[in-house]
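Got a structure for you, written out below as structure tokens; questions coming shortly.
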Amino acid sequence: MAQLLQHLINGLAAGTIYALVALGYTMVYGVLKLINFAHGDVMMVGVYMGYATAFAMGREARGSLLGIAAVFAVAMLGCALLGFLIERFAYRPLREKPRLTALITAIGISFALSYGFQLDIGFLPGASPRAFPEIIEPTEWLIIGDRDVVVWNWQVISFLIAVGLMVGLQYLVFGTRFGQAMRAVSWDHRVAALMGIPTDRVIALTFMLSSGLAAGAGLLYAIKDTSVSPLMGLYVGLKAFVAAVIGGIGHVPGAVIGALVLGLVEEFVVGYAASSWRDAVAFGFLILVLLVKPGGLFGRVAAEKV
Amino acid sequence: MASAPLLRADGVSIQFGGLKALTDFHLSIQQGDLQGLIGPNGAGKSTAFNVLTGVYQPTQGDVRVCDTKVNGRKPHQINLLGVARTFQNIRLFRALTALDNVKVACRAQTALHQFDTGLVAKLKNAGHNYADWWRALLLTPGFQREERRLTEQAEHLLSVMGLSHRRDEEARNLPYGEQRRLEIARALGTQPRVLLLDEPAAGMNTREKADLMVLIRKLRDDFKLGVLVIEHDMKLVMGICEQITVLDHGETIARGAPAQVRSDRKVIEAYLGDSYLESHGGAA
Amino acid sequence: EKKTQPTPSGEAGTQAAQGQPAGTGGTPANTETILLGQVGALTGGQATFGISTRNGIELALKEANAAGGVKGKKLAVKVYDNQSKPEEAAQATTRLITQDKVVLILGDVASSNSLAMAEKAQAAGVPMITPSSTNTTVTQKGDYIFRVCFIDPFQGFVMAKFARDELKLGKVAVLQDNKSAYSIDLSDVFTRKFKEMGGTVATTESYSQGDTDYRAQLTAIKKTQPDGIYVPGYYSEVGVIARQAREVGLKVPLMGGDGWDSEKLFELGGSAINGSYFSNHYSPDNPDARVQKFIADYKAAYGGVPDALAALGYDAARVAIEALQRAKDLSGPAVRDAIAQTKDFPGVAGTVTLDEKRNAVKSAVVLKVGDGKTQYVTTISP
Amino acid sequence: MQTPALPLPESRPLVPPALRGVLPVLLAVPALLLFQWALSGSEFASYLLSVMGVNIILAVSLNIVNGMTGQFSIGHAGFMAVGAYIAGYASLQLKEVALSFLPVAASDQVLFTVALLLGGLAAAACGFLVGLPSLRLRGDYLAIVTLGFGEIIRVVVQNTDAFGRALGLSGIPQYASPSMVFFWVFLVVLAARRLASSSHGRSLWSIREDEVAAEAMGVDTTGYKVRAFVFSSFFAGIAGGLFAHFVPIINPGSFTFVRSMEIVVMVVLGGLGSTTGAIIAAIFLTLLPEGMRSLFGALGTEGSLAQRVDQIRMPIYGLLLVVLMLSRPQGLFGTREIWDVLPKWLSRKRGSQA
Amino acid sequence: MSEAQVKTLGERQAFAPLLAVDGIKVHYGAIQALKGVSLTVGKGEMVALIGANGAGKTSTLRAVSGMLKASAGRIQFSGQDTTSLKAHQLVPRGMAHAPEGRGIFPNLSVLENLELGAYLRRDTAEIRADMEKNFALFPVLKERRGQMAGTLSGGEQQMLAIARALLSRPQLLLLDEPSLGLAPQVTETIFRTLRDVNKAGVSVLLVEQNAHLALNSAHYGYVLETGEVVMAGPGKALLESAEVRRAYLGE
């Protein structure tokens, strides 16, 4: 029983991180219909930015609210800028071109970032993983029995942040003018411009938001799993992408719920079945979901009137 | 030759959510018919086409092609039975040449006319389909002959529609009116017995419309078709159709010869408007 | 007739690259330098190991060149990346052999890649030494393939023995890296030996290289209440595993193999890794002057204590250099014969004597992790 | 405006119809033998050419699904893996077998071909399975299914002892000579071209252009999509089988999702739907990393930068993809083939020179 | 390439200038769609643009509204040079464009589509009033408020597009074939509405196939042929000209 509970908590914690990354995927997909394959790598860069900040600050960064805020701020703003640049130079010129071309530049950016960060030249970090500084001192938030079930402070924090962000984003998309503009751009950016919507700015902002979010997610992830590596974006990115699809890509709460479900499925496969089959089960589950609901759990396949 | 009608709808209804797009719709088309389907915007005309061609499944009622019930059939199967259509918003294969657009349609006729749902039949059909690919890959003499025949057939259709000079032009680069005509050529490529035209004159100017009227009649005669036209241009509809069905809110509110329909009170109220009567009332 | 390419048999005909003006192709191998080749993972999941190895080799070459080189010539090494993929390894090896015309090749860490290289090297009759591929099959590829480290079965055995005899553990759990043949091998051998010695293995869980969340596996392991956990993976994952093991409340010792050896282990594992044991090729504690000098030089050049992969890279390169010096010329067979005769070579990671299967017969050390460094515990001989 | 060429009256064809089907093959075989002879003795070129050949097969076959049919598959490496492992495993099992009525070399090649076909058929069967969901799934969702399939294959291989788990399969007899690889390259290109110019190809194009309209014109869209998947994965399987027979060891790491993406890149870079484009992109992207190696080789072997050049290749490769895509967004030839495009280029060049 | 000779019929009614298009050229890749089109629209004027398929009517509207970049020529709108402005910069200056193909957002509801029409406006109360006015004009839209716009019938979509354009309270309304696919009654409604809107002071630049209807309503008209203006004149005058009758009215 205790075990079950612990698995549940672990699964939710893992799912939370997927959720935060998946939100970024979903937002960008929402406006551009672009699977931003570089998203995971942008997240990775964000984590390194946070890492560098934490190091530059030394002991200051540990545990103090100011330190944490500084680390997050630098990483998220830095990533927002990175996202802006990527969008400006790698995606925007291809806006009127076939959709797949932007996918290729996304792959190119992904390669450049993930391989670039493996270099050990100059300020680049090198291939080997690094321990992420404990900017949030891990403490037990809840202990049941003889440490049969442990809930950590950062698990609670991440979960709350994820839920908060989800609610916030949902509000942003459906409750604000910017969200209205986003949705209009997502259907047809040419016509959106005719409504007076500055489409380029909306798209750039969406990218910045999504990239900043990725950095935040990445930091929580690094705090949770205590390490950073240049390839981290690839793995998390792929899983988060799957999560977004399970939920119905483009759908904000769907991304979160899809991610939590994925986290739980993986956790239970490992905990109660064969850990070596985890990825196969995760993808099998994905395929199953899509066969039953072709648009993901919450997504709708756009109706086409003939 | 009082055989079964080529295409028949029997009490067909369809709903989208709460919206009754089509209610108890009846229709019957024989060879040589030239019928019109009119009604206000949103009356369910295109929906009727979609039900007849299998794009939508009726919630009630049957659709029959030459007495074969085709409910639950996919559009391509219904097409193979001899029902072809055009679309309200032109849906050509935009990056293909005019000739290829028509050839795609011609091709479909050489596939097997297999509709049995039994496993054996399905396997046989699948086997045939894969074998057909082999013929293409091996470029068998029979296949080459067939391709030549397709080309000739398609070229013939292009010339019938006056599009020969556009043979190798990509469909998206054709002017609008020619795109409309290409769509008809393509539909003819499937060697239909019934042709459904959804607003063929939309976006054409008055002169082009006049040409189109002549053309539709000619097609009906030359290809021995039954034709059903949706059109908002009353001059066209009243000018060529022998029988007209009027839909409003999914219901059939009138049916009959043009003169009859034109003076029908309900039709005037729902569709034509009084001013139509004023301006066109006198003109036949 | 003479071909410019080495003949596949490698037996006859292949005179040394020395003196033989190489065909028309304009070969980079001039008479001033002797060119060695290295293929390793410099990018991708295993990059960090390839880079350590590269550093070790580079250091050995620098030393040798400072000491006057070999046969009056300078040594140089060409390093190619295999992106941790065997087909890339094979391609790079072929390039080294046929384009760069290297006299000898130093192999990769990951056994799959070394196997791919071995196949090509053997076929071309170019000797190859793998510094750290511990999979048994690598040297079975032929008589041109050598290694300067012990093999997986031995390492698995060492830890099983240590766990039974010294730590007196009865029930252990195993957590292996399913993407790594090395990890699976060690895990298999350990499990077998440990059972033979009367212990029980409660459960075997697995993860994939690159994962960072192992809580599910560890929670499952915790259920079985083991006395210890064998984690034959790479330090890049083990450090994090240790932390999470403590987090889920597993306090028993962790054990592992040479893949653990890196300074980064302490950084990644923090205090959680303290009290764990792993088998290794060498101990930095070793007071031997040669070892200490190597460590000092390495620190000076690259910063940080060299890990086992760097040490083995260094040893492999030195074994190669020493063999080149002894070889009567630089032809493939001559160099091979010279390498095969390596005996009691004093490497930093133990004394190297190559047996008739071209494997190094070496003893292993067991190290204990504590407070940012390792302590020598014991040596176990085959 | 070019005046559209009128169809020439059917004069007596140069080649009798019965011969047209096989003629290219008859011509190709001696050419390949010549090629083989020319290559003998240059190991590296042979290896590189084999890799290139496999990439061409992969790109051209993926182009059938992604380019011609307009579906979006990103799990091609999965099919390749199926072919590689099945063919490799079969060859390992057949290693000791010799067909006594044939000379040894011929017997080996026959058995090799059998193994290859087994691999191709197994991959085709998987293609059938993956193609089925295309009944319900569109666009990106279908893409995810193919991606998931590729990953599942990898996990299955990684957990199967007979396939060598993480270490992979080694010791597979190295039967695949460059000429053999290029024989298959030739076959896949021929097949793709003939498909493209046949009515089946047109049906595939029509699905890509407008599925609803294609269906209304009597094209069995689901059937065609499934067949495109089967066809394409068969050749991916063959590519995998060939790969397994010249790469000394195959392991799961060679068939990851990144590999699939690399193939997609070739197809898009070549121009979706363009077979010649896919070929040229495959050649270019295979040679690019080696070219950089040669370029950087000029730096010599001294100094720490020279030591690191091989690491710099991959980030540069990534950036180059971006630059290439930005400079030719339609891909190399758009949806056309080289012979449609080249004459125009040339004439424009000549025009600008004049 | 010389500017074509424009045949001008009759006197133009005087309006204060609002839009002046001067010799614009537009290319789609290698295809030149406009070869130097010049036209003007006055404040409160309704101008019709007719021409055969592919003549360049749509391209003209797109260039004016900033959807396309003209490769040459100048566009002036309410006294400002707007040649290089983007579409979204023209909306706040009082231009609204109901594009060819309607350009509704298929997966947004009818109401959301309409709200987007008023995207730049902040006067909530006024918007609501305008919305009601539109609903009175097109009662179907009110009925279908919550429906996904993509599932509306063709005619309903056209009404939505016009209503949406009106909601930005434009000075100049660009309409591309508003009668396309509409029932005769609705076409009349729309043209009546257009005349009302125009009377209320909104200038209209109208592209139509239905030359009869368009020229009847418009103060002034231009005839476009293969990317060039070939004829211009007051609507009624054009309608009476033999060339127009022959080419566009099929008489």
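Note that the chains take the letters A, B, C, D and E in the order they are written out, and that residue 1 is the start of every chain.
In this section, contacts are C-beta pairs under 8 Å (C-beta built on N, C-alpha and C of every residue); 3 or more make two chains touch, one makes a residue touch a chain.
To keep track of the chains, here are their UniProt names: A, D = Branched-chain amino acid ABC transporter permease; B, E = ABC transporter ATP-binding protein.
Worth saying up front: this structure is predicted, and the values here are computed from it rather than measured.
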**Message:** Keeping to the contact definition above, tell me which chains border both subunit B and subunit C.
**Reply:** A, D
**Prompt:** What is the graph distance from subunit B to subunit E, where chains are linked when they touch?
**Reply:** 1
**Message:** Relative to subunit A, which chain's C-alpha centre is the most remote?
**Reply:** B
**Request:** Can you check how far apart subunit A and subunit D are, centre to centre, with Cα atoms defining each centre and the answer in Å?
**Result:** 33
**Request:** Compute the distance, rounded to whole Å, between the mean C-alpha positions of subunit A and subunit C.
**Result:** 36
**Prompt:** If you average the CA atoms of subunit A and of subunit B, how many Å lie between those two points?
**Reply:** 49
**Complete:** Chain-centre distance (mean CA atoms) for subunit D and subunit E, in whole Å, is 50
**Request:** Note the residues in subunit C that touch 2 or more other chains, in rising order.
**Result:** 42-43, 45, 47, 178
**Asked** So which stretches of subunit E touch two or more other chains?
**Response** 151-152
**Request:** Please set out, as single numbers or ranges, the residues of subunit B touching at least two other chains.
**Result:** 46, 55, 87
**Request:** Could you list each pair of chains that touch one another?
**Result:** A-B, A-C, A-D, A-E, B-D, B-E, C-D
**Prompt:** Can you list the subunit B residues touching subunit E in their complex?
**Reply:** 16, 19, 39-43, 46, 88-89, 173, 175-178, 199, 202-210, 232, 234, 271-273, 275-276
**Request:** Write out the stretch or stretches of subunit A touching subunit C in their complex.
**Result:** 3, 6-7, 10-11, 13-14, 115, 118, 120, 126-131, 138, 147-148, 150, 152, 221, 224-227, 229, 231-232, 234-235, 266-268, 270-272, 275-276, 278-279
**Item:** Complex contact set, residues of subunit B against subunit D
**Value:** 53, 55, 74-77, 79-80, 84-85, 87, 91-96, 100, 103-111, 126, 129-130, 132-133, 136-141, 143-148, 150-151, 155, 165-169, 186-187, 189-190
**Message:** For a test of understanding, state which residues of subunit D touch subunit B in their complex under the given definition.
**Reply:** 4-5, 7, 10, 17-18, 20-22, 190-191, 194-195, 198-203, 205-206, 209-210, 212-223, 227, 231, 335
**Complete:** Within the complex, subunit B is touched by subunit A residues 306
